[in-house]
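Supplied in structure tokens, the structure appears directly below.
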Amino acid sequence: MRLTRLLKPRTAAHAHCDLPCGVYDPAQAKIEAESVKAIAEKYQQNEDPVFRIRALIIKEQRAELVKHHLWVLWTDYFKPPHFQKYPQLHDLFNRATKQAGAAGGKGSVDPAVAQQLIELIDEIAKIFWETKQA
Amino acid sequence: MRLTRLLKPRTAAHAHCDLPCGVYDPAQAKIEAESVKAIAEKYQQNEDPVFRIRALIIKEQRAELVKHHLWVLWTDYFKPPHFQKYPQLHDLFNRATKQAGAAGGKGSVDPAVAQQLIELIDEIAKIFWETKQA
Amino acid sequence: MRLTRLLKPRTAAHAHCDLPCGVYDPAQAKIEAESVKAIAEKYQQNEDPVFRIRALIIKEQRAELVKHHLWVLWTDYFKPPHFQKYPQLHDLFNRATKQAGAAGGKGSVDPAVAQQLIELIDEIAKIFWETKQA
Amino acid sequence: MRLTRLLKPRTAAHAHCDLPCGVYDPAQAKIEAESVKAIAEKYQQNEDPVFRIRALIIKEQRAELVKHHLWVLWTDYFKPPHFQKYPQLHDLFNRATKQAGAAGGKGSVDPAVAQQLIELIDEIAKIFWETKQA
Amino acid sequence: MRLTRLLKPRTAAHAHCDLPCGVYDPAQAKIEAESVKAIAEKYQQNEDPVFRIRALIIKEQRAELVKHHLWVLWTDYFKPPHFQKYPQLHDLFNRATKQAGAAGGKGSVDPAVAQQLIELIDEIAKIFWETKQA
Amino acid sequence: MRLTRLLKPRTAAHAHCDLPCGVYDPAQAKIEAESVKAIAEKYQQNEDPVFRIRALIIKEQRAELVKHHLWVLWTDYFKPPHFQKYPQLHDLFNRATKQAGAAGGKGSVDPAVAQQLIELIDEIAKIFWETKQA
């Protein structure tokens, strides 16, 4: 088969395979959320202002990664049948990403707020692993 | 007020203000989606394999930006009352980001698939501007 | 045609088409500049040091995006005939990107400085749309 | 205490705490390495050239993330006493990151090469968890 | 001095110092441009399509870095007196960044095109070092 | 040769060539380390808190780039025979990247700490150039 044919435009999206769909793991979001919590704890225990400013810079990045990993799960892993079976899933992801953002892990340096984020991710992970076993 | 006090941990998230909440515009997602469509069109018109590989590389990046801008709107701009008033909003964003991803703008080089993405963004934009006027 | 031939090096640059040239919009720079201004305003209205440090982190990123979007327009969109017709264009872009950088939107948290940045982008946008209509 | 004093330069590095040291997990590198392997497998099963080019683009990014996560463990988590106790550790990390790079996961689309990368990460993870329990 | 005063908005941009102005070096752009040239040479010598696609992906990234390093010099290092003394400087930078972009290093895999990019950077570097000695 | 054959998986990694191996230069790490030092010096000379927070944000980024450039040299440039000939090389890189990280350039705003980082990079550069001449 020739390249000119091989490279011609395809009119149908790949329905059978979402590269790279095979490997998803809520652990990615959770590790970053645990980092957000650990940073908040260290921030509380250290009054050095240079340390605290660095903590806020790094926490901002880690919380953004939490959001990103959750968004990827929501868009790339979960499919319409999942949202039908778990009608709370949209809202759960929206609350979790908000919790990782300015309303939560980014805007606050309270470990309890980061803990709530971890618990929301745990709820998502529970559903995730149920769908993997199904 | 002293720095030691100013820098002490806050237990309440900022409820009144999501920095940087004030400036959102669905145009960001739409410009990138139009870029995805334009790349698909140029790809179809140019059989040079180096050009086509570059087109796929750049389209991958642009489609990722579409997803990112949409995710930001969904998490950072839209609030629970919006989701109550527009019950289709979660699904609309999920379909739009899927359309920007492997099932759509990323996995396909068909301008018609990119056009469907633009139309989903237009639907979101319509709701966005209604909520801004409310 | 065979891949070995299709993939062989090209000695001529693509003169007719700068992928992805078709889609440019000064709105990208302006939205980020408006974000820089909004952040400066919120910074002024909120003395919480955690909020202020976050504001400075995010403003730094947004101002960098302003620079990037302007640089792309200057290098990728505008061509020699444009620079001949608008001899002030080089200087205008240089001042605008400087205004987005340390001398302006990055180094200052004064909304008036961000407003000057927006006005420089508006000047560029005016020329941009004139060249699109030409 | 005044800000002028709080913000004055520190001459001693923080010896007791490497922000953000608390949260490391070799799972981050392994998830990306599994993604590299899954992409190589899908590549083998799908001759569509657009799919294959996308697979190579994404594999390049995932393999880069493997390298990054491993580098972070090597520099930020492991300390001189670890390197004394595990004299093979430097070489193990160097081989693993090379395996993730051009010599391995990046340069090859053979799932067996990605599998070797996963096994090297497993060796690192084994040592990592031993040091955590110590 | 109190934090409330220290953190209040400044109305004047820092005129005396553009953080981080002190360290610029055209070598950054040149190293990446040499990488673009080396990639083009290797591409010519290796017909393996996986190698070639990887070469195009990496060349795209390296050429983007050339553009970025040049833009930074143009906006952050060079000041109005430099542009007065070297009236060709705006055009030289514009041509060099175009040469790094789709019209040159990105769109072509011809080492000669990358060589022209290196020569443009050498011209910029010559002026740069003259201004440093002034 | 056909694309179906050209694109089939390769079982052997490219032993002769690590794209993009040809162009490495310790100057990349050193320029960023000099930037870290210059930022620390300016920080000391300027008590403006906005300036200082920006300095810490930018220093964090520059120090991260030092780490990245050093990691690339360690993994991509240096080969087993180099590590045999220079048995101190693993430890030297590990100390240098730690010095660029939280224990050094990131965690400290002392120019002397950044100077130590520069000296470690100089040691690496000396070995690098010896291996290039060999």
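A, B, C, D, E and F are the chain letters, set down in written order, and residue numbers restart from 1 in every chain.
Everything that follows uses one rule, which is that contacts are C-beta pairs under 8 Å (C-beta built on N, C-alpha and C of every residue); 3 or more make two chains touch, one makes a residue touch a chain.
Quick caveat, the model's predicted, so the values are computed rather than measured.
The chains touching chain C as well as chain F are A, E.
Shared contact partners of chain E and chain F, listed by label: C, D.
Minimum number of contact steps separating chain C from chain D: 2. Compared with chain A, the chain whose C-alpha mean position is the greatest distance off is E. Put simply, chain D has to spin 120° for its C-alpha atoms to lie on chain E, with the angle rounded to a multiple of 5.
Residues touching across the chain A and chain D pair largely coincide in numbering: over half of the numbers involved belong to both copies. Mean C-alpha position of chain A lies 35 Å from that of chain E. Distance from the chain B centre to the chain E centre is 30 Å, each centre being the mean of its Cα atoms. Centre-to-centre, using mean CA coordinates, chain A is 16 Å away from chain B.
Shared interface positions of chain A, defined as residues touching 2 or more other chains, are 2-4, 6-7, 10, 14, 17, 19, 49-51, 53-54, 57-58, 107, 109. Taken as a graph of touching chains, this assembly fits none of the simple shapes: it is neither a line, a ring, a star nor a complete graph. Here, these are the chain pairs in contact: A-B, A-C, A-D, A-F, B-C, B-D, B-E, C-E, C-F, D-E, D-F, E-F. On the side of chain A, the complex with chain F involves touching residues 1-3, 6, 50-51, 53-54, 57-58.
Within the complex formed with chain D, the residues of chain F that make contact are 3-4, 7-15, 17-19, 21, 40, 43-44, 47, 49, 52, 67, 71, 74-76, 78, 83, 90-91, 94, 97-98, 101-104, 107-113.
Interface of chain F with chain E (complex): residues 3, 6-7, 10, 14, 17, 19-20, 22-23, 25, 27-28, 31, 34-35, 38-39, 41-42, 46-51, 54-55, 58, 62.
Residue ranges on chain C touching chain F, taken from their complex, read 2-4, 53, 56-57, 60, 106-107, 109.
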